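Provided herewith is a single structure, encoded as structure tokens, for subsequent inquiry.
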Amino acid sequence: MKERLSHEVMAMRATKEFRDGDCVNLGYGIPNLCVGFVPPDKEIIFHAENGVLGYGRLLFENEADRVDLDYVDAGIRPFEPQPGLCWFDMALAFDMIRGGHLDATVLGALEVSEKGDLANWTRSAAAAAGIGGGMDLAVGAKRVIVLMEHITKKGEPRIVRQCKFPLTAKECVNLIITDLAVIAVEEGGLILREYAPGWMVEEIQALTEPRLVAAEALCEMSL
Amino acid sequence: MINKVMSNFDDAVSDIPDGASIMMYSWGAAGTPQNLIRALRDRGVKDLTIITHNFIPAWIGSHVCSEDEIMTPYFLKGRIRKLITSWPRPIEAASDIARHAEEEMGKIELEVTSHGILAERIRAGGSGLGGFYSPTGIGTVLEEGKEKRIIDGRAYLFETPLKADFSFVRAYKADRRGNLIYRAAERGANPYMAMAGEITIAEVAEIVGVGEIDPEVIVTPGIFVDRIVKIHDGGLGSEKQRKLLCQRYLSGEVEK
Amino acid sequence: MKERLSHEVMAMRATKEFRDGDCVNLGYGIPNLCVGFVPPDKEIIFHAENGVLGYGRLLFENEADRVDLDYVDAGIRPFEPQPGLCWFDMALAFDMIRGGHLDATVLGALEVSEKGDLANWTRSAAAAAGIGGGMDLAVGAKRVIVLMEHITKKGEPRIVRQCKFPLTAKECVNLIITDLAVIAVEEGGLILREYAPGWMVEEIQALTEPRLVAAEALCEMSL
Amino acid sequence: MINKVMSNFDDAVSDIPDGASIMMYSWGAAGTPQNLIRALRDRGVKDLTIITHNFIPAWIGSHVCSEDEIMTPYFLKGRIRKLITSWPRPIEAASDIARHAEEEMGKIELEVTSHGILAERIRAGGSGLGGFYSPTGIGTVLEEGKEKRIIDGRAYLFETPLKADFSFVRAYKADRRGNLIYRAAERGANPYMAMAGEITIAEVAEIVGVGEIDPEVIVTPGIFVDRIVKIHDGGLGSEKQRKLLCQRYLSGEVEK
């Protein structure tokens, strides 16, 4: 298959959505990468649901001397403290989320429906597992951005008419950023705004279950 | 004179019976009352109800820690009758640990909810409310069995308060009155879990004199805390032990 | 009329009820005086609903140099800071109250009924006024002690069959301490436990609307 | 770059319209956003909905303070359409102020509740809940018009969340991001009122650089704060002005 955007480039594209001063929560997986790609002209305050605002870049495994297991984000990965950091308890962290105080959240997903339904957790035959904070974020953040690969490893569309996985929240997604496209969820349907370099609209549509509407200002994705 | 300090963990958990409900925080290594959990496991009680945000082992880099490295609620498996949690199993589904977790899930009563609902239910329990309406989970499996109510045009689910017979708490510093402060992500759920235990037991890195903690920065006032035990130097979760673990698993000396 | 106990002696008697280590909230009026009369062998932690635990004695008007308008109790009176003091917000202050974390509250009252109903606020023809934190305390504290004068300025009983003033809470009072007597509210009725020096049971009964039952261990009040 | 600092109080309240709802703390002198209240009064808006724990002038010793000495929500009288409070009038019922307060009560829509219910309703508003069940007020006038529900054998009343168009907050130190710390009883209701205003405006004694406040002791994270104004030296509620008032009314020089 043709080359698709790397996770890093996807994360870079997502950070373009942030306005100076935004408070943003990053979900587990690709979204977490955004913390490393904030442009220098923007002051973005990252929120993690375990009780921190303003955390810095994640530490690499070779930075053992700087790792402090008490300085971790919601994905339990050590990060670099930075000025303006603020610690609080998880109840307050979720008050921020539920109370509509977050400007945006970037979440991973298994599927997004044409209406913006989000499915980002699974349950086995035995038990539900891993609801985490996703349901709270999907309901509470002012803007829900999904950052995910456009298709599954088996090549099946993740943007679907109806989610097969259990829902995280209904009609909550505002924008979908994938390794192939940027798609807005609007009243009129799914609006294709940007395509990855080298990809044709028809090719993206073929990997997307519901119909995409080309935006008037449709253009190639850029950073 | 008030003195809530006890000399060891075994004594601190010695009156926890079979069938007790216990809440405890765990976010990887951060804020987990490791020594209390180990003492509870060693006590050999069963049929516990465990309330915890995460039910997984901790990890350092890509190394998944054993119970001798970082003790978490997960290692109480086999002693649990009911588990209330937001994250019941490891993220890597293929591991041995994931299989063991799955087996455990098959044997117990499992109640899964979101982190936010869990936090607020515990806070409601500790603060004497009868329940509350939350917008989280509308249109999802969390609706099952819950009252749905439209308030001011928006849909909410009724959530009940959560309390426990015991709360295990981990903090940074305490005084003999039970005033607590935390260190960074150690805070997490510890402050509201401290409020919701009939008996709240704290393990702490340091015990200081009354008045030594600035009255403006106490996070958990002593009114919520019943027992305090100091973690011994080099013990589970102590700074020294954690530094050693980080060096071991992040320096490249040991490959997993 | 015969001599009755002073407010100070009433407050001293009330502090006898506290056990070492108790967290206690003091209502406006006579109860506030208790903070000055804690015996040296007891460590009592006083809670004020504006968000403080462990406050010290109230300052006198001639201590202007030591007055700090940010160091005030629930009655907005300046106090002396002491070691172990702890500040928090009012939501947490009421979590403590409502959540059953306070060992006791000492409240003033206009009336107490034979069933332990408490009335400690008034409303004018125009409007309700001054509910304050009394309703929360009466419902939440493990033990509710009323500290009040036995009769009104007009000589009418304050311990009554049924309260005429609006209620603060129903069946909440455990113990009544007045300038004449100590009376427990129990299943079996109002149990007269102690009488003020020089007062006869019949004299106290005459100033009390419901019937008092003399305790087996009825004795003279002492400090 | 985030910079929430504004240069003066008039600008900070310049977009507050007639009919706005505003919450503000007041516990005597402590924690009252005096300068914002004065700027609001000077702006001349009307039909306000005011949410405040206490609706009384402050006092020092036995001296009841004028609006030039200690400004409190009480001095917005005449501009209020609706008042939600726990304490609507002065404790000394015979004073001129009490008579004026009583007149005001006759003209406005008054909703009286307990401090605890008010605190929790505001917290629920700021944290996105649809309402909650509280045990306070059962068997009292607070039952009127409210749903009563028995939960686990105990009676509770349904309470609705409270939000406001604007929250006025007073704090000790702020940075340009809006992180706040408070000083002693100044804290009071300010932290949860900061959460429940559509626009939250803070007046502070001092503005410090980002990172100068210890990340462990910030009480109100900047996410809740929209505008900050520094109180000028000697201004209403400044340390200097308060010391002068205390000296004047407590030293015996002035008898009231």
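Letters are used for the chains, namely A, B, C and D, taken in the order the chains are written, and counting of residues starts over at 1 for each.
Convention: a contact is a pair of C-beta atoms (placed from the backbone, for glycine too) under 8 Å apart; a residue touches a chain by one contact, two chains touch by 3 or more.
Owing to the predicted nature of the structure, the values given are computational and were not obtained by experimental measurement.
Shared contacts of chain C and chain D, meaning chains that touch the two of them, come down to B. Counting only chains that touch, the fewest steps needed to get from chain A to chain C is 2. More C-beta pairs touch across one of A-D and A-B than the other; that pair is A-B. Here the CA centre of chain B is 38 Å from the CA centre of chain C. Look at where the CA atoms of chain A average out and do the same for chain B: the two points lie 28 Å apart. Across the assembly, chain C contributes 87-88, 94, 97-98, 140 as residues in contact with two or more other chains. Within chain D, the positions touching two or more other chains are listed as 120, 123, 127-129, 134-135, 182-184, 215-216. By the contact rule set out at the top, the touching chain pairs are A-B, A-D, B-C, B-D, C-D.
The touching residues of chain C, counted against chain B in their complex, run 20-21, 23, 43, 45, 47, 53-54, 81-88, 92, 94-102, 140. Put simply, chain A touches chain B in their complex at residues 28, 49-52, 61-64, 67-72, 76, 87-91, 93-94, 97-98, 117, 123-124, 126-136, 139-140, 166-170.
By the touch rule above, chain B contacts chain C in their complex via residues 1-2, 123, 126-129, 175, 177, 179, 195, 210-211, 215-216, 218, 221-224.
Those residues of chain D that touch chain B in the shared complex are 120, 124, 127-135, 149, 151-152, 154, 156, 160, 181-184, 214-217.
Every residue of chain D that touches chain C in the complex is listed here, in rising order: 27-31, 53, 58-62, 86-89, 91, 102, 105-106, 110, 112-117, 119-120, 122-123, 134-142, 182-192, 219, 242, 246-247, 250-252.
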